[in-house]
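One structure coming up, written as structure tokens, with questions to follow.
By written order: A, B and C. Residues from 1 in each chain.
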Amino acid sequence: MTLVVSDLCVDHGAIRAISGVCFEVGKGQLAAVIGANGAGKTTLLRTLSGLKSTSSGTAFWNGHDLLHAKPEQLVRLGISHVSEGKSVIPELTVEENLNLGALWRSNGAEAPATLIQVLATFPRLAERRSQLADTLSGGERQMLAIGRALMSKPELLLLDEPSLGLAPLVIAQIFQSIRDLTSAMGLTVVLVEQNAMSALKIADIGIVLNLGSVVVSDTAKNLIENPQVRAAYLGY
Amino acid sequence: MYQFINTVLNGITSGAIFSLMAIALVLVWRSTRVINFAQSGMALLSTYIGFECIQRLHSFWIALPLSMIAGAFFAALVDTFFMRVLFRRTADGPISGVAPIIATLGLLGLIRSSLGMIVGNSDASIRPPVSNVGFTVSGHTLAFSPLKLMTLSMVIALMLGLTLVFQRTNLGLALRASAYAPEIARLAGVRVDAIRTIGWALAGAAGAAAGMLQTPNGNGALAPDSLEFNLLLVFGFIAAVIGGLESLVGAVVGGLVLGLFLAFIQYYVSGSLVFIAAFCILIIVLLLKPKGLLGSKAGRRA
Amino acid sequence: MHKILHTNLGRALFFTALGFGLFLASNRIDELRVYQGATLAMFVVAISSLILLTGYSGQVSLGHGAIMAIGAYAAALARIHWGLPVWLCFSAAVVVAAFAGAVLGTAAARLSGPYLAGTTLALAVGLPSIANQFHVLGGEQGLLFDIGQPPSWLGADFTSYKWYFWIGSSACLITLWWLQNILRSRYGRTWRAVRGNEVAAQLCGIHAGKSKTLAFSVSSGLAGLAGALLAMTISTVSPSAFPLSLSFTLLTGAVLSGITTLPGVIIGAVTLVATPEIADAISQRMANSESVTTNLPGLLVSALLILVVLFVPNGPVEQMRMFRVKARSHTKN
């Protein structure tokens, strides 16, 4: 039950966004991918979830090839991607946004139970169940986006910058929920973050990207103590 | 006074048919960001199929759903085997913006001229299934007839049906999600391509219904080069634009507003100004309220 | 040849030489071909007007048939009511259509692709029916547009068809020469900039709305000229001469020519002139029934439109150019 990425290369037109990236994430692990703007973090996630086509390399989840499948097929393999910038649909209500995540599952019987579970995780959403997603605050939208991903009962969760544009207090809250969920549901998580410190604090392993290549990958603990990483990404 | 009531009732009836066409255009616009100029051709084809059904089965009531199914089926074929190929082949380059417009126009021409070759000059017509003689109220004969009542109730029933599908079913949720945010819908596991085809099919059915109801409401005649269907397309487009092009509720409101407005122009000003008036209202709405009378947020909901 | 076209003098010489060639040719071919030559010239002007609008300014019009009608009616009214000389009638067609285009273009400049397409389509559907309702426009029968006999100094055996051809090809050559010049001018560059990236163009100080309105107006003026030429060849102006299918036909011609490039315009025009003849030949061989004869040209035009959009969306000329570029870069490697 692992995510194995090896020698992955992705091009944006003539520009190579990711070159020769290799890493592994074991079952139940939370991996934080950190790096500066333009390091290729978002591209990496979009490639893993089928939104972006690859140039070369391989990526497997439990032996399934991720690089030649469409996003809607990958969801059926237990992979959920929360894309950058609070990916909710503002024209739908909170409950509709959540139900969207469970639409594809043929036996709809489980969906209400999952819904209750998700609403218990994010009580704020329960209060706003029938409101339009448009009326939510930034933090609530991020909770909704994660909640929608959880409705698909994923085994692998890909999170893109959940802290983007949020207040520090809200960030702490969201990251705590991510950590709790990972442990409680046995999820494997790949978390892409610019907010390196917060991400590494809750992660098991960390991968540092720079200009499309892996600079270091180690346990999160070691990375926090690594003087170079501290200087370049943690700011002290 | 009776004149006024007549005008309102007639305006609502013709407006309801415009609404159906507008709904068809909006459904396609929302699912693939294309104005389907072939919609009138597809409606024409479905109406001919309905006409053939009436000839064989002698019942308008069986022919109507059959023609709607045929319309849905044809629209689904067009999306799967034509539009998808088109989008793949013209994804970039200077032509990408105009290609769908040109392609649907070509399709319109293709449908009309092939229909013309097949049916030729044989005069087809659909007779009203119920009387078109106006109701009599305390000695006055209204211009509002059982046929118009039937048309109006059919349109209302279809709209209610569509609203239920969109608001209460999983399919409706998938349709709305794919329309508003295709990428998020895909990430949530919705097969957006298939859902789009369903959107086209619903549009095909709505267009077929518009054609089947409009024909007996006019003079009943059906011809491959009929101006009636061109006008239906244009008025449907104007109604959709009035409603903001994004919303089904908007399409219905737009159709009714346009129908009423044109009925008043026809009775109180001049019949020959109807088209000019419609064109002016289109230009005014586009310049003053480009997002439609309902505005974007409220309009985009349903 | 490309180098000759890059200088002003070169272009003027090129088009003069072309005109002289056409003049010589008109003496050697039979009447029917001469008449088709006049139609060809009309289509070249009409298609260029559409290419200017769509290819260079990025706007799309499904209603150029209606704008041609405006020009044709203007020319006919000027001839009937004021008895103006022919060349002034054509100028009237250009001016009136350009004015109508400026009014429409003001609205059009604020509309994006599908909205503009729908609005111009509405115009194409509605305008002929408007002409039906006004007495001054002659109703269903329309108006007579008689440009008179060719001047006597051309000789007694100079036929009307040849006269049409001369007028048509001069108008066409002048149009193309003028277009070549304007597309290389400041205006041409502005249009291309706005088409390429409206925001970027605005940041460079270009008024995108004005630029689009101007393009629409110029394109309409040319379409008006084409309308007057069409009216000349059939001697009448009536609603049935400008049906919705005319707008579609023009669009097919433009797409066939390669909607982004002017040089291919002759391909589109020749195809449009040839289509009815081909359709005629096929229908005579096939069935010769009336419904086939009347509908086959439309069928061919629409089928052609769809095939071109699907398989050579940028037009055959551009496709060849891209092919050559690819081949060249291949040999370099």
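Please note the rule applied: a residue touches a chain if its C-beta (ideal position, glycine included) is under 8 Å from a C-beta of that chain, and two chains touch if they have at least 3 such contacts.
To keep track of the chains, here are their UniProt names: A, B, C = Unannotated protein.
Everything numeric in this text was worked out from a predicted model, so none of it was measured.
Chain-to-chain contact here is organised linearly: an open path runs through the chains from one end to the other. The pair with more inter-chain C-beta contacts, choosing from A-B and B-C, is B-C. Taking the CA centroid of chain B as reference, the farthest chain centroid is that of A.
Averaging Cα coordinates per chain and for the whole protein, the chain whose average falls nearest the overall one is B. Rounded to a whole number, the gap between the C-alpha centres of chain A and chain C is 55 angstrom. Centres computed as Cα averages put chain A at a distance of 43 Å from chain B.
Centre to centre, using the average C-alpha position, chain B and chain C are separated by 32 Å. Per the touch definition, chain B reaches chain C in the complex via residues 29, 34-35, 37, 85-86, 89-90, 93-95, 97-99, 101-103, 105-110, 112-114, 116-121, 224, 227, 230-231, 233-234, 237-238, 241, 272, 275-276, 278-279, 282-283, 286-287, 290. Considering their complex, residues 54-55, 58, 60, 62, 107, 110-111, 113-115, 117-119, 121-123, 125-126, 129-130, 133, 195, 244-245, 248, 251-252, 255, 259-260, 289-292, 294-296, 298-299, 301-303, 305-306, 309-311, 313-314 of chain C touch chain B.
Interface residues of chain A facing chain B in the complex, by the touch rule stated above, are 49, 51, 70-72, 75-76, 80-83, 87-92, 96, 99-101, 103-104, 108, 132, 134, 148-149, 152. Listing the residues of chain B that touch chain A in their complex gives 170, 173-174, 176-177, 180-181, 183-192, 297, 300-301.
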